[in-house]
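These notes open a run of structures that come right after.
Each of the next two complexes has chain A plus one other chain: chain B in the first, chain C in the second.
On to the complex of A and B.
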């Protein structure tokens, strides 16, 4: 899966593109775990280009979020597509991972 | 309007399954939201079946998926020859837990049960028959 990567100051912004499902989730999870693996890493997932997220994608987010916490890092998502937002709401994933409206909101909150 | 697809219980069939659901939703003018829910539900169902439905190393089973619109609802029937599994009797997923307490499994089933308005199960002979209904607003 295509995952864009940019920096906003100390924040690493990852931008996955397309569906996060059975096929793409292993690569997505590997990339996330790599990003949050460093001590104190601050990772923001820009989800504005993801229009589908199944339970394997949720699991990947959960695993990465735990990993981030374990190394005193920070991880959040921003720019959820309406369909993905619904999945987050149904699963109450706002308890699991911080959600920002947009990338700029996260950058402002973390600066 | 009705459509049937028979596939193997194999993750390689996910694309075909997705295309089948997309085509049905388009033809039946069900809209993007319903299409999204149905796609997610069939994908979770097949993934669960492949992961837990058969003994390791067993040959792939046969799954029949039927979609039809009836009385203001879209009805999805998912019929497989995996081991007996009644998702309607599984405990409700605990949503209140924080990150540490959340079980990693059970999310897929939770999505299925929440996105559909009704889920019914029957074991018929050696097959699991699930009938899932979603109202069309």
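On to the complex of A and C.
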């Protein structure tokens, strides 16, 4: 799976592209866990190029979110595609993972 | 076959109270403003076609009990939750004298909400009736005796009038019971639980409650996809949201509407009945979850449509 990587100050911004499902989730989870690491990193997922997220993809997000909390890091998502936003609401992930409208909103909030 | 839901609530019965009834009446009357409802027919049509189910009715509060009516002369029922009390009264009203009846209960497991109705199952008190309790747990008899032992209940299990037999089953094997083919399946739940696939005349119904799904990838090789394959109806434990099921309520042994949809889509099942409703949810919340699940099925659909139903006490589905 293609996952872009940029820095906005202390924030590592990952930009996955396409669907996060059975096929792509293992690579997505591995990349995400590597980014969250063990030293309290701040990771933002720019989801503007993800058009679908299955339960397996949501599980990957949950695993990474738990790890981020365990190492005093931060992880959030931004720029949800309307359909992915619906999936977040239906699965109630919007209650357990911080959601920003866009990357700039996250950067402003975390600066 | 016909499926009758006698109890659809998870964990604990959840009766509604006077405040809930008043709120439903108030909302119905507000929605009726300005309408011409001056005959019984127009009132019935308004209630049946225009009021939301959460206002006109209720999902009900009885714990798990589902009848599989295969049109044979023996009864087939899943679980003995509080809904079995209503089932017993239904049977007694239909059969006079209520003797010589044969019941086959298939037990998902023996947690309290799945057995609590049995002391109030009136046909169990009638000599001449035969009750066969089928299940894969070794503690079937002990669990039922304990529930009716002093000081918890005044009538000991051994004093019940009906002939009661326990029939041990093994997961994966196929049994012929009361004209129906039954296959149990082991599920992830505290102390284990078992789902059942019932087949008759090429039609299949799967009863799969109190079952957590912990896969990291899900595909055709996942055993439950095979268990649900092409089923006409899958009755599925969708008690929690996915976020709850894999975080604060992980390992609590229940599943979500999201996983319900994904598994039944992969299995090419025809219908999915959301079941084992969270007892803390009111009718509006269950209706919201139902609408969201229908929407999720739409957006996750890959060529095969699964019809989503939210089970309620009293619902009948012809298969």
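Operating definition for what follows: the second predicted complex is superposed on the first by the 111 of 111 C-alpha atoms of A that agree within 3 Å, B and C clash if a C-alpha of one lies under 4 Å from a C-alpha of the other, contacts with A are read in each partner's own complex, and residues count from 1 in each chain.
Keep this in mind: a contact is a pair of C-beta atoms (placed from the backbone, for glycine too) under 8 Å apart; a residue touches a chain by one contact, two chains touch by 3 or more.
None of these values were measured; they are calculated from a predicted model.
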With the two structures overlaid on chain A, would chain B and chain C clash, or do they fit side by side?
clash
When the two structures are overlaid on chain A, which partner does A:69 contact: first (chain B), second (chain C), both, or neither?
first
With both complexes overlaid on chain A, does A:105 touch chain B (first), chain C (second), both or neither?
neither
Please indicate which partner A:26 is in contact with in the superposed arrangement: first for chain B, second for chain C, both, or neither.
second
According to the stated criteria, A:91 is in contact with first (chain B), second (chain C), both, or neither; which is it?
both
Give me the intersection of chain A's contacts with chain B and its contacts with chain C, in residue numbers.
22, 52, 54-56, 58-59, 62, 66, 83, 87, 90-92, 95-96
So, in the complex, the side of chain A touching chain B is made of residues 21-23, 52, 54-56, 58-59, 62-63, 65-66, 69, 83, 87, 90-92, 95-97
Touching residues of chain B toward chain A in the complex: what are they?
11, 14, 32-33, 36, 39-40, 43-44, 47, 95-100, 102, 104, 107-108, 110-111, 114-115
Residues of chain A touching chain C in their complex?
22, 25-26, 52, 54-56, 58-59, 62, 66, 83, 86-87, 89-93, 95-96
In their shared complex, chain A is touched by residues of chain C numbered 215-219, 241-244, 246-247, 256-259, 262, 292-293, 295-296, 299-300
